[in-house]
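Shared between the two complexes below is chain A, which pairs with chain B and chain C, respectively.
So, the complex of A and B:
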């Protein structure tokens, strides 16, 4: 990395002391992560294979991965994550280019619309969608007024409602990182490619897309891991009809008092998140 | 660089995205002025009665103070610990700095609910039962990744030789840090603090397993309220929070520019 070269001090202090100081700087954060993140998750892994008598058992995993109902639950979570991520990406990516071209007050307003929703509680936004999607809600009223439909359609407590709400709530986490890379994009690369005879499609796939890939990977990883494990959104927008891993975990702990089974469901959800993080870390390290 | 059609499509999507994101917020603000307890849109009139009721919500004040305390304290602690760690990681004199950075940021991508149950079991096992402290410690894991991510990204673009340059020109070490590094990192610091505050203030999945009957954070109180007796009081409360954030955003835009803040939001 050139960074290391550039940041090298003119007079080099003793390397041992520097390294020690650097370790001292990291120590508090590392301690927090080790004690309040790594250790509890390791314990969870342990609980997921314990039976009530204290022995080791695979029963919780067999129940989770061997019952069609729970396989459906896992698929529900994955489906929610995949659809939300895909739709959020398809909207955010082109929009980021327009945002990057905006200047002055328009840019501030558009950026504020990305930041402002983060300030409203997820709970309140999900609740707002229940108002919007009700049979006598605003969306039905508009559709009837415009003449697209004659009778109100049932939207609340459907999967469409869930996806619309999830996309709405997680969109900023896709749009912000993508905007960050698109705004830094050097237009001269694309111009150079075009000058050398590349067609717009080639310019896009060979120049623009690879240059913006880090932002895409960050956004996709973030939105997928947030939406696959969402709890409030499915609870308020579809309820019991769309059980996900997150609602199953909450039920196992808060209602059924089955910590072992809840822990196993937690480990499965955790594994999905870890795969996504590992995948995105590998992808973003690849040479562009 | 782009064909005209592509540009038009991009603009339509950008404006559509902005409107779509604002839609639920508009509904909340409109509902907060509803004269009736049901949300009939369009409104038949305007009333401020729900604003007067905010403070009288069951258990509202203790929950608000609890959430504020936890959010402010965990953000402050995370800003100190996370910024120090980011400096060490960005200077790259640490073995495995990249992996360390990934580790510090990883809780952000881990399901909050899973972290919640893991902490519940862990705290029970080690006999750590003080709710307030347990919430604070748990929220450190919610806020620290935001700070670490934003500060590492901000610092990776900071040229440490600028400090050396300032010192060569006669500035003291502390002076050069204050006058060179602090202004350059201000946008990252602001956005890290803002995101971290909001993440803690709005956290439901981690907190739900750690609260008890007497100490409930605001989001838990709010979801309970929605499930029991939804009326526009919550909309009024959210409108006030939104207005507060809008003011914060305007100040941030004046101080460092939302554009620079968005640039560090990755």
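So, the complex of A and C:
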């Protein structure tokens, strides 16, 4: 490990003493990164290609990527991530503008409604949804009282419940980065475009949207990587009916005692998240 | 490497006290014993059983509560110098423990109560013994169901669309639902139906329309029953349901007329463990009518010592079906995989 750290290239050639000082500054963080990030990842990768007899095998990946059932599981995870991200974006984007425009106490109230849910644990929020969605829960009671339905609709343990819950739980991670960008948006750009004859639609798509893109991309990366790997939310809101990569990993480790298969599923999940984050990083550089 | 633990603290303080008060107290240095068992039992073991045990044997009990598989792994890791003296695990997990030599045969001379248990409660010539039999039936919501379910076939009744919860096959109690399904599909008694797994899967797949959820987390399933969201849980332990009923929840456990099941819990002596004599005495206590009466009342489990009076309303332990665990242990991983694929 130390060898790897010592041989790490330093960007610009500098006099020996400066180089040594620079290394001294980064060494502690490199060590921490190696210990808490690189080492566990290497172990995960190692376990995922190890067979019980000690040899190297691709069997776990073949099983994961070659069986229709597990391809379905991967699709379930992706679908949960994509739908949650899309809906969270559609809800957050206009909300971020409302938040940026609001003034005085209203703004404080709106900001508090965005921040406060972050203080409650995911488990509490997921359980709260199971209570709201019950046959004799608040939502059914209201729908019946208003006369929209006669008999309670079954909402608990459905995919709709899962998406609703996931959007609710991960929404702040989309709204906050977009709000941060929108709040700094200079209104004069839009005015200038309008003065030059651009229609409101053109102003939005050619000026506002590109300027807020960094916030959107940050939000998408956050919400997607959180929801694609969510464990508590699908476990509590839909159960075994909607198996995802996260629940498959838990099952492999805790119940089936198949660490190799669990590790392989972990690597695939990580790869999906890394691809999305890398894509969004590339996209965020483009508008410049 | 001396990790700090309650045990090392006790040892140090005992040694310290002994030095101060020597020689009078050396003889009276506290005896202690480590018992490993299920985390779920920790509450009633610690509050109701261990105080009696400690007083009777003049010792201190340290309880390591976790699940059976974790205890098995601990025993594998500590094989050279075992720390746990007595282990309490489900029967299916006792099989590998016995095969790997992690537990040792108990003798009827050191443990007199071994000879007083119901039939089939002592396994492999005394490798382990069942100190209790939680029974398994259909848990139901007394708010939703006017009369208790009388047969396993009721779970399949179309009027219970999306109202049934069953345990996942990953859970121990999950096998009971599969076995009941095999029994219904083939019409054979449990003893023969337990080997008809394909028939079991065929029948259980037809239960999908009635399923509200398949659970791996028992408390969550009982919550659904208490709220009246679920009407019945097929394949549920007495120790789960009746404890909640005793707390006032509107739930109860029915034994269908096709017969209930039992999930006997085993107790065994760890090979080469410290405090061997104390371990024998502790096991004898678990198998005694005194301890079993306490457990029957606090944990709703049927006793195995014939001399223990059976509380009113408890099924006769002899009528509860216990399956061929060796057959299950051998095939289970494949079934769990098949279950995931066919039941989702």
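Here is the rule we use: the second predicted complex is superposed on the first by the 257 of 288 C-alpha atoms of A that agree within 3 Å, B and C clash if a C-alpha of one lies under 4 Å from a C-alpha of the other, contacts with A are read in each partner's own complex, and residues count from 1 in each chain.
As a convention for this text, a residue touches a chain if its C-beta (ideal position, glycine included) is under 8 Å from a C-beta of that chain, and two chains touch if they have at least 3 such contacts.
Predicted, not measured: the structure shown is a model, and the values here were computed from it.
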item: Partner chain in contact with A:255 - chain B first, chain C second, else both or neither; value: second
item: First (chain B), second (chain C), both or neither touched by A:157; value: second
item: Which superposed partner A:61 touches (first chain B, second chain C, both, neither); value: neither
item: Which partner, chain B or chain C, touches more chain A residues; value: B
item: Partner chain(s) touched by A:218 [first = chain B, second = chain C, both, neither]; value: first
item: First, second, both or neither for A:241, with chain B first and chain C second; value: second
item: Touched partner set for A:69, first chain B, second chain C, both or neither; value: second
item: On chain A, positions contacted by chain B and by chain C; value: 136, 236
item: Residue numbers on chain B that touch chain A, as the complex places them; value: 1-3, 6-7, 9-11, 13-18, 20-25, 27-28, 31, 39-41, 80-82, 84-85, 87-89, 91-94, 100, 102-104, 106-115, 117-122, 125, 137-138, 140-141, 144, 148, 156, 159-161, 164, 168, 195, 198, 202, 204-205, 208-209, 219, 222-223, 226, 230, 234-235, 238, 241-242, 244-246, 249, 253, 258-259, 261-266
item: Touching residues on chain A, where the partner in the complex is chain C; value: 69, 134-136, 154, 156-157, 235-236, 239-243, 251, 255-257
item: Residue ranges of chain C in contact with chain A within the complex; value: 69, 162, 168, 170, 211-217, 220, 227-229, 333, 336-337, 340-341, 343-344
item: In the complex with chain B, residue positions of chain A that touch it; value: 1, 3-4, 6-10, 15, 18-19, 21-23, 25-26, 28-30, 32-33, 36-37, 39-41, 43-44, 47, 91-92, 94-99, 101-102, 107-125, 127-129, 131-132, 136-138, 141, 168, 171-172, 175-177, 179-181, 183-184, 187, 190-191, 194, 200, 203, 214-215, 218, 221-222, 225-226, 228-229, 231-232, 236, 246, 249-250, 253-254, 259, 262-263, 266-267, 269-270, 273-274, 276-277, 281
